[in-house]
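Structures given as structure tokens follow.
Two complexes follow with chain A in common, the first pairing it with chain B and the second with chain C.
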Partner chain A sequence: MPLLNVKNLHVDLPVEAGMLHAVRGIDFHVERGEMLCLVGESGCGKSMTSLALMGLLPRKARLSADRLEFDGIDLATLSERRRSDLRGARMAMIFQEPMTALNPAYTLGNQLCEGLIRHRGVSRREARERAIYLLGRVGISAAKERLDQYPHQLSGGLRQRVMIAMALMCEPDLIIADEPTTALDVTIQAQILRLLRELQQEFGTAVIFITHDLGVVARIADRVAVMYAGEVIESAPTPALYAAPGHPYTRGLLSCIPTPGRTLPGSRLQAIPGVVPSLVGDVEGCAFRNRCPQAQPTCERTPPLMALPDDHRARCHYADRPVPAPRQPETMS
Partner chain B sequence: MGTFIIRRVLVAISVALTISVVSFMLLHLSGDLATSIAGPEATAEQVERIRVDYGLDRPIVSQYLDWLGGALTFDFGRSYYYQSTVVDLIVDRMPITLTLGGLALALAVSISIPLGVLAALKRDTWIDRLALLFAVVGQAMPSFWFGLTLIVIFAVTLQWLPAAGSDGWQHFVLPAIALGYYATPAMMRLTRTGMLEVLESDYIRTARAKGLRGGSVIFKHALRNAVIPVVALAAVELGFMLGGSVVIESVFSLNGLGQLAWDAISRNDYPVVQAVVLIIALFYIVLTLLADVANAALDPRIRTR
Partner chain C sequence: MNAHSTTEVADSRLSQAMPAASMSPPASQAPTPALELCGLSKTFTLGGGLFKRGRALGAVSDVSLRIPRGQVMGLVGESGCGKSTLAKMLLGLTTPSAGDVLVDGRPLRGASQKALARRIQPIFQDPYSSLNPRKRIAQIVGLPLRVHGIGTAREQAARVAETLDVVGLPRRAADQFPGQLSGGQRQRVAIARALIMRPDIVICDEPTSALDVSVQAQILNLLLDLKAEFGLTYLFISHDLAVVEHLVDRVAVMYLGRIVEEGTRERIFAAPRHPYTQALLASALTPEPGLGVPDIGLGDAMPDPSDPPAGCAFHPRCPKAEAICRQQRPRLEASGDDGTRVACHLA
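Up next, the complex of A and B:
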């Protein structure tokens, strides 16, 4: 049984223009100790998905799912009280903005310890010992002195390390990391990324890593799921995805990544033309077809999730067969 | 924290000195003091005698330095009207004003903060609207009228509490309610706005992601940050209530500082006016200082800067 099993998850948000379908029926699962990377551009629903898993959706948001199970526990019907017993204890989250994610009024020690004290009922001294140990593990020197410092006394990279240590305090089974490196310098990004991967393997924690970067970041994962317009449009073990991307959007994303040595200086960087469709109201057919270089009349119909070899799935009519020959110029509109 | 407090105290002292200079000069340049003390029927000779007796013929700078020298040793001279020293008058009246202001602030804080938190948590519900109505009424209603209404209901009709005087605690209940209600709306609305803002912040999401219970999220993580501006406002409100409660003091016949200042102004009792102005300015300065220290205690970013 997978640790996390999600079937047909929907998240709707009422907005002024109508109902925004932020997440439109996604399926995925996470095995114990596995790292799943959720990739997509801003507004594709990846953050809403993570908040839905944590039970931290905005109050107005509406959630429905055929299955939303964490270790056999049905999250969709769980009371807020039982849900808060899981949060921080068995599933933890690391956020995108380390500069604002810590409370400016309390010391790091206080904020690191409170979750463990709440969930495990340990003494403050025991909690501080664990905090010191974990701060050391995430590469923070003079951990003992750091406990009495306030967030504003730390750099962004250090704060994100503190957030990682905080997520690990109760030894959760699952950590959701929502773009934890996006707000950091490139050199710090690499350090944090390596650290997360190391700790994930050392503690055997499952990780859902959310990112918009299919280049460096997604390569560290065991599996990758690509999201577009509120749907998972492709999912595969990482090597299979990079070897043979099945969806034109994934291929587009991959061709956008400049490769040192192969992208010539002065050459134009690739981009996917067009914009993401509005998710207010219903989306008919393939959501990517207005930007797709090989769109066909067939694409007016909603594509099924096609199964490819190696546990590889792609939501495209042409994932497993060649696209028909280009149409005549006069028929193109 | 130590250097922070020392710096603030030095600023406070220079503000106090500036206020004493400005108020002294304004008072002495507002007209011929000797003429107004002597009264409309006095002869030119009598006016001259008063001018010499009261030392008003000397250069204004030396008058100020004399006065300042006295003030530093708590000697503000004698009242022109009462047969006692200014200090005795103030010591006599101060407890009434402090009791009234303190009670009113305590009342205002203990109503406005819980109500502001509740309104923020129940945003856009009937509870929020009711709190808003309470605030708007408090801001719109003149305090003398509210005071009189309280007297009519609780002193005249129900006869639960006395209407006037300052002999026991019962005498302070109605004026404290009247004055406290006046200070409540602004603090309540600031608490509500602060809570709404803080509840949307990333660190509240982090606190919830840790699985902390609702009370811990609201009171430990949110309220502490939301009340920081409220502390500064409360200090200003208390300063206002200590210095400006003339209206409430006269409605309830309480002989406090406000009443003293009012009488002194109408009787041209300048030593008293001068001293009361300085005392009220000192109230403000001390309260601002306390608010700064309280803010630094609440917000570590201020004290370690």
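Up next, the complex of A and C:
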């Protein structure tokens, strides 16, 4: 049984213009100890998905799912009290901007120990010992002295290391990391990713890693789910996805980033024309068809999730067969 | 010396040079670079008071660069390394503490903000905060024309429409507000506003960092097209090394306010000589599965810019540092015969 099992998850948000369908019926699962990357551009629903899992959706949001199970526990019907017993203890979250996730008015020691004391009922001294151990494990020197410091006294990279240590305090089964390295410099990003991957494998923690960066995904993910306009449009083990992307959106994403050795410097990049459709109101058919270079009349019908070899799925009518006839390329408006 | 008269002289010089420069084709054979930075420095004072001296923070120290006409110079480095302060000095938004900026060989020192704005224009990172949300796109793009008193209202409107075409925005965008446009469209507006004065030099400060990857490619293509069409010279500031490699002719790598390596794109990306450049390139994660995340070998002893380490500022993080690196600051010197400059004792 997978650790996390999600079937037909919907998240709707009432906005001024109507109902925003932020997440539109997604299925995915996470096995124990694996790193799943949720990848997509802004507004694709990846952050809403993570908030739904953590039970941190905005009050106005409406959630529905055929199945939303964490280790056999139905998250959709869980009381807020039982929910908060899970949060921090068995599911932890690492946010993009550690400065807003850490409380500026409390010392790091306070914030690191709080969860362990609350969930496991250990003494403050034991909690501090574990905090010192974990700060050391995430590569922070003089860990004991750091416990009495405040978040503003640390650089961005160090704060994110503290966030990782904090997430590991109760040895959770699942960590959700929402763009944890996007705000960091590239050298620090490489160091933090390496650390996260090492600790994840050592502690056997499952991680849902949310990012827009296909370079990062290639280097750390066991499996990938690509999201577009509130749907998972493709999922596959990492090597299979990069070797043979099955959805035209995934192919477009991969070909529009400059890649040394593949794109000639100074040449035109293969941009994806147009913009993401509005998710307010109903979306008919394939949500990508207005930007798709191979769209067909068929694409006005909602595409099924096609199964491809190697546990690979893609939501495209033509994922497993050639497109009938080439269409004139559309000019950009 | 009378500061006022100096200003006027420089001002008239620049405006005389303006039409000639914008008419002439991109002349790569011209020996004078479009933009030259000579020993440019900016020092901020932290704290201090009436009777107490503040601490000096060298945000930019002794930067010299030459950008030939029609070329793209990439400027890379970590946040806080001085990239944006450098850009601000070039745009006249902050005064250098020392050194000069030369446009076509003429110093900008003393030139008025208006004269400067005709030659050098910026494109900033965040198209959400750099556009006035209460103005229509036509007003935003046409503002420079009104400030400089160029043309009648009718001519201005025609130039706005033409510029919107050039950057690939639909004509109807002219009557819309920034809030009605997507991120990519807003960045096109920012580019249109920069180009409407027909500048020679555009300072691009992380122009695609706030955009989604699918939109980033559209904007990078546009920047390349505009460069070819108008013979523009770019200073392209970015932390995304794949984008830099794609776009630039030369690269300058900055660390703690100083250039540590500078050379052609081919040379820097194929064989970086400074350990910091090597680490930067190693930490660029290309979409190649199976390679994992490399150990870039850098410590995380992040330096304090107001109290920079003695000797080479990079030595506390450098895996190769030796005794000399802790004592003596390496000079930026030509290394080899390919025009690469490196500031490292061990290179």
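One rule holds for everything that comes next: the second predicted complex is superposed on the first by the 320 of 333 C-alpha atoms of A that agree within 3 Å, B and C clash if a C-alpha of one lies under 4 Å from a C-alpha of the other, contacts with A are read in each partner's own complex, and residues count from 1 in each chain.
Throughout what follows, a contact is a pair of C-beta atoms (placed from the backbone, for glycine too) under 8 Å apart; a residue touches a chain by one contact, two chains touch by 3 or more.
Keep in mind that what you see is a predicted model, and the values were worked out from it rather than measured.
Novice: Tell me which partner A:78 touches in the superposition: chain B (first), chain C (second), both or neither.
Specialist: After superposing on A, A:78 lies clear of both chain B and chain C.
Novice: Of the two partner chains, chain B (first) and chain C (second), which one does A:215 touch, if any: first, second, both, or neither?
Specialist: In the superposed model, A:215 contacts chain C only, not chain B.
Novice: Could you tell me if A:188 is touching chain B, chain C, both of them or neither one (first, second, both, neither)?
Specialist: second
Novice: Is chain A touched at more residues by chain B or by chain C?
Specialist: C
Novice: In the superposed arrangement, does A:305 touch chain B (first), chain C (second), both or neither?
Specialist: A:305 sits against neither chain B nor chain C.
Novice: Under the stated touch criterion, which partner chain does A:89 make contact with: chain B (first), chain C (second), both, or neither?
Specialist: first
Novice: Thinking of the overlay built on chain A, is A:61 touched by chain B (first), by chain C (second), by both, or by neither?
Specialist: Touch partners of A:61: none, neither chain B nor chain C.
Novice: Which parts of chain A are touched by chain B and by chain C alike?
Specialist: Dual-contact residues (chain A): none.
Novice: Tell me, which parts of chain A touch chain B in their complex?
Specialist: 54, 56, 84-89, 92-93, 95, 97, 100-106, 114-115, 118-119, 150, 152-153, 163, 166
Novice: Mind listing the chain B positions that touch chain A in their complex?
Specialist: On the chain B side, the touching residues are 201-203, 205-213, 216, 220-221, 224-225, 298-301, 304.
Novice: Quick check on the complex: what are the chain C residues that touch chain A?
Specialist: Against chain A, chain C makes touches at 78-79, 168, 170, 182-185, 212-218, 220-221, 224, 239, 241-243, 245-247, 265, 269, 279-280, 282-296, 298, 300, 302.
Novice: Taking the touch rule as given, give the residues of chain A at its contact with chain C in the complex, in rising order.
Specialist: 41-42, 139, 155-158, 185-191, 193-194, 197, 212-221, 238-239, 241-242, 252-254, 256-260, 263, 265-266, 268-273, 275, 332-333
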